[in-house]
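Below you'll find a set of structures to go through.
Below are two complexes that have subunit A in common, paired first with subunit B and then with subunit C.
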Partner chain A sequence: MRLLPALLLLLPLAAAAAGPTAEAILKAYDAVMGPPVFEAENELTSVREDGSSRTYVMRFLKRDADKFRVWFREPASVKGQEILRLGDNMWVYLPNLKRATRVANRESFQGGDFNNADVLRVNYAGDYEGTLVPSDVPDTFCAKLKATHPETAYDAITLYVRRKDLQPVAARYYASSGKLLRSAEFSEVKTFAKGYDRPAKVVMRNELVPARSSTLVLRSLSLDVEAPPQRFMQTDLGR
Partner chain B sequence: MIPVRRLGPLLLVLCAAPAWAGPEVEATGYLAGRFTFTRSRTWGLLPTDDQPQAQGLLEFNTQVKVSPRPRSFGFSDVSLVANRSGAYHGWRDGRDVALEDRPTAAALPVVSLNELYWSHEFAPALHLLVGKKRITWGSGMAFNPTDLLNPRRDPTDPTFQRAGAWVAQLEAPLEPLTLTLLAAPTLLMQSAGIPTQFLYWPEYDKRDTQTHYQLAARAYALVAETDLNVMAFYGNRSVDAYEHPWRFGLSASRYFFTDQELHVEALLQQGSPRSYVKPDCVATLGNAFGCAQQSGSLYELRRLDDEAVLPRVLVGTRRQFTDESIASLEYLYQADGWTRADYQASADALVLLRDARALGVPGLPSAMPSTQGDGLPVRFAFEPRGQHYLFASYQRPRIRDDFTAQLVLVANLLDLSTLWTPSLSWSATEWMTLSAFAFLPLPGPDALAVKASDGTHVSEYGALPFAGRGMVEARLFY
Partner chain C sequence: MKRLLSMALRNVGRNRRRSLLTGLTVFFGVMVIVNARGLMWGLQSMLIEDTVEARVGALQVHRRGYVDSADAAPLELSLPADEPFRQRLLAIPNVAGASGRLVINGQASNGRAQTLFVGRGVDLAHELETCPRSAVTVKAGGSMLQPADADAALLGSALAGAFGVGVGGSVALQATSPGGRVNSLDVQVKGLTESAFPFENQRVAVLPLSTAQGLVGMAGRVTEYAVRVHELSRLEETADALRAALGPDVEVHTWRDLQAFLRDVIYRQNTLLGGVSLLLFVVVLTGIINTMSMSVFERTREIGMLLALGVRRRAILQLFLLEGVLIGLAGGLMGALAGRLLVGGVAALGISFNISGIAAVTVLRPQVTPLFVAAAVAVAVSGSVLASLWPAWRASRLDPVQALRS
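Take a look at the complex of A and B:
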């Protein structure tokens, strides 16, 4: 099980040597940004139009392609909040409400510039079909992605990955009208587990309000974790 | 709520918690200061003598989670509330007069033990929970017809009430089905936050000879992207006077078209524990005295032994717009709710009681019995007595990033009387939120109100004992 992420990474690397397909790029993105099982601690900082910022610290637990759990640890005003994604369903648990409430996939993640789906729904191979196009960024491949169903957060994405290892470098996210909504930069590739590298920092810029941005920093990540299916049931929220 | 003078043993237990904790202790909470000004409707039908117009409240809340072992944890959520109240006003000799300040219930310091429980996971598919916890299975937001355990929510802010009930719960999350068994002996007496009497009234205070409890079973499943809960309740005189042992519940919630949520929640019961005014008792003052002497009340549990199935059903929808604002609409139907004739009898009772107070006549019960349990002091005590209610809310978050504006409307659809609650919150920092609220009850059209014996038009929210209420709050998180 521990070798699986490494093997998944090797597949697209092998593909890259011969020139990857768009499908291989999507699979590589999913393998890097959402390995089958992991637990991580993240720090999310949102910068607002007036230059002020808000920082959230949260623990992630992921299993399979579509099971995601988040526990908020900081700041004190949101401590105890939880999020669960199970397939196309998402719930939020509010400690004051003492119960889980359904939320839609398109909602922003903690009022920042990440969409809930950016953080909790890393399944590009399942959600988009891609076309490889010439890249305008040196040393990268570029894939244009089109949503395959209406539940996705964006209707189209342009994704750039490094030629040498298919690590994501940048992405642009579009509405159905073709309007650019957000853009992301992936940086600080680190080794978090044996054979598992990924960007530790993702900066998401709001292209509609250029002064706004959000930065997600991965503080730690472990692939060797227990993630029983019960952790991804609605009834486990708030336990 | 518990008088603060009895806090000693409880505080000892709570303060001791971290000491016996072991490896992992998490603590959080808040300090909230709140000032409320209420304009008492002294000229109305309900008495206002014990309702302070000015009230300051300081709440210190602490939530501690102790995890001595990986699969076990204890949790406590406690609020200490200090009150300062004054500016009492009443109606004397046909005019509004100031009354002396005095230690009414609204002025006493209290502690609210919201939750205190231990949870142990024998295996990922088998959990045991024992203690006081707020457990809600239904999908309703403003109101939960299937909640037969907890202190009722404030529909103008469902996050405000956090207090739960004493339970023992065994839960088996068997993917994709979760089965839950729950036993809730009714807490009848407590001292310093420590329960002293469950199930039966003690010999020295034998109010009845019955057993008070609620048992429940619940099956939850995610079916066709829908949250489904099926519930069965077996109990006797738990949160209400219900004596038929069985009640059944159902709830469902699902998203449609990405952003549109629909939910339904229903309670099926035979008969009803609801109180109704006895029309004969409010025909004359003499009749009222007769009823008060015979049974101590002008009200009766008329439908307690009714064979008819009397459902309570809530249907609602919620939509999130692209600017993240949320609109919510819920409709509540109660087959056992008051009809126009019941409201008429209630209006007659209120007029009669008001006249008796004006004459200084003692010996009559003062108000409708409340089914509200313990818990935090509520901003608005919601008692849905009628058959048809509408709850509507619109929330616009992130106005200039840190402001949230909200408007909540509660309407009785029989007389179209309404309660409007606009509010504005400012998350000034990550650890401080400042809020301002208003509560404005409005009577419906006279044509839909009932006409009391003195010619007064009476509607549910038009008869509330306040003409308006404003509140400001500062909440500091730690």
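Take a look at the complex of A and C:
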């Protein structure tokens, strides 16, 4: 009878060995990739199918799931351009016209192979139902995500995270038809703020046209920022 | 009056060569105008038919606000794709057919390259009754989509060319649902389309409605209805009836509103033709003035004699006007007859426009209305009167003594 308390003591250890729940992985992903408010400086490089590539350096400020601002820094041709996005509406400010033009809402993030949902509206715990499956990649957990409502960007995602700290390693994104649309690789985990680590580099490959890919490199990121509501108004463009 | 007429007739016959020459001027003028108008009308109706019967439909119905932002193909502004809604359209007088379409924007790729495309999902069960010539644009070697087809497409020839894909090949189409869901489907290319409109060739893919709906997750919805009418001449009143029946949430546009480019082309053609006709009219008029002036000049002694015999000055005026009318009427009638016959002959033969590679041929058939032919004759006759007015007046003002002495 003395064995029982000892066994009870061992139970949590056994659970730890089996790994976290799928829900915990989704929540960890949201916390790492989609903090509610942040300001960052990125470098986005898109490689086209003809081999040409373009690199933009931009600063962006995000608040909530659907508000963000972009200020382009480089190259010189787009310097001074700004973007404001509020929900489904998007405006581009062109400095030489000194005017903001409303643009059709394209799902592509800044014309690259990222989807807006990959960068801005990260809410996997709310949008997907996760199931843990055996991973075929060493030192990772693998979760299969299935959309819980029709407004998610993807129908299904396969997500790989590191065993030791649940940082994302790779992801595969599927359409409703079952087709593989994109795949991502996350690397260069860095500490950007106290207690906040995340991959600094994400390579997103367009699986429909494998020669196309986009790389997002975070130069800096700060969670401790002020993002007052007036920053997310049309009148603030160009200031 | 009867005596005056026989005198005028004899005068016209007396200088046969000059009368013939003047008559021929009128003859050719009227014939050319009738034929030019006939060709222009034929060309325009060919363009309109190509647009209305092959692609656009006579009228289109959308959710309010759609056409203003049609370039963005807003999927949020949709209409039900069901039989009750279609029947509401068909219930309007003069409506001959209606078919739903879903227009989507997306990306097409073949694994190596990717480009933007505009997908037109068409209700194949009803598309042909709305746009009977829609199959005509399919190039030889391919075939029109059939109602049973799924995951199939007709690609614009240049769009397909950009991918190096041909009939039987496949492309991956990617599009995003109104809620933001990305979807992708492999579709088989059943045919390539060739159109006179470059945009159609470079960007458009025609898909079965169900395939387009599946791609953007919009089962049971369409963004537009194309409507065919029995009589194009009653287009505006049919559009008004549709507006009244469908209420304020829906907008109705005619092909003229939707194809502003074509409307402007037709307007410019008509303006040009009007200018050319006016020029021709002036030339013919000058010819008549010349003939009549010569006639008065040559017949001065004769006019003096008539005046000396006691013929009224008014009768002299009428005589010369009558001569002008006779020449104008003869030339005009002959010209109208010859013009009408020529238009009819060319129309029966048809001028074929074989747009490279398309199986069916577009044929230009000149056409004129009887009213236009009658108007051309009327203008020729009144022009002749106008042109004879001054020489006739001068003849009637001659001093008999001076005239006899000359």
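What we mean here is this: the second predicted complex is superposed on the first by the 167 of 239 C-alpha atoms of A that agree within 3 Å, B and C clash if a C-alpha of one lies under 4 Å from a C-alpha of the other, contacts with A are read in each partner's own complex, and residues count from 1 in each chain.
Keep in mind that, in the parts below, contacts are C-beta pairs under 8 Å (C-beta built on N, C-alpha and C of every residue); 3 or more make two chains touch, one makes a residue touch a chain.
The model shown is predicted, which means the values in this text are computed figures rather than measured ones.
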{"item": "Touched partner set for A:Val225, first subunit B, second subunit C, both or neither", "value": "neither"}
{"item": "Partner chain(s) touched by A:Gly80 [first = subunit B, second = subunit C, both, neither]", "value": "first"}
{"item": "Which of subunit B and subunit C A:Leu181 touches, first, second, both or neither", "value": "second"}
{"item": "Partner chain in contact with A:Arg239 - subunit B first, subunit C second, else both or neither", "value": "first"}
{"item": "Touching partner for A:Val133 - first (subunit B), second (subunit C), both, neither", "value": "neither"}
{"item": "Touching partner for A:Asn115 - first (subunit B), second (subunit C), both, neither", "value": "second"}
{"item": "Footprint overlap on subunit A, where subunit B in one structure and subunit C in the other make contact", "value": "49-50, 104, 107, 150-151"}
{"item": "Footprint of subunit C on subunit A - complex, ascending", "value": "49-50, 104, 107, 115-117, 147, 150-155, 173, 175-177, 179, 181, 206, 208-212"}
{"item": "Subunit A partner contacts - residues on subunit B that touch it in the complex", "value": "28, 30, 63, 115, 119, 124-125, 127, 134-136, 141, 158-160, 162, 164, 171, 173, 175-176, 178, 180, 220, 222, 225, 227, 253-255, 258-259, 261, 320, 322, 324, 397-398, 401, 427, 430-431, 433, 477-478"}
{"item": "In the complex, subunit C residues that touch subunit A", "value": "69, 71-72, 107, 109-114, 172, 174, 176-177, 179-186, 214, 217"}
{"item": "Subunit B contact footprint on subunit A (complex, rising order)", "value": "48-50, 52, 54-55, 75-77, 79-80, 86-89, 94-99, 101-108, 111, 150-151, 228-231, 233-236, 239"}
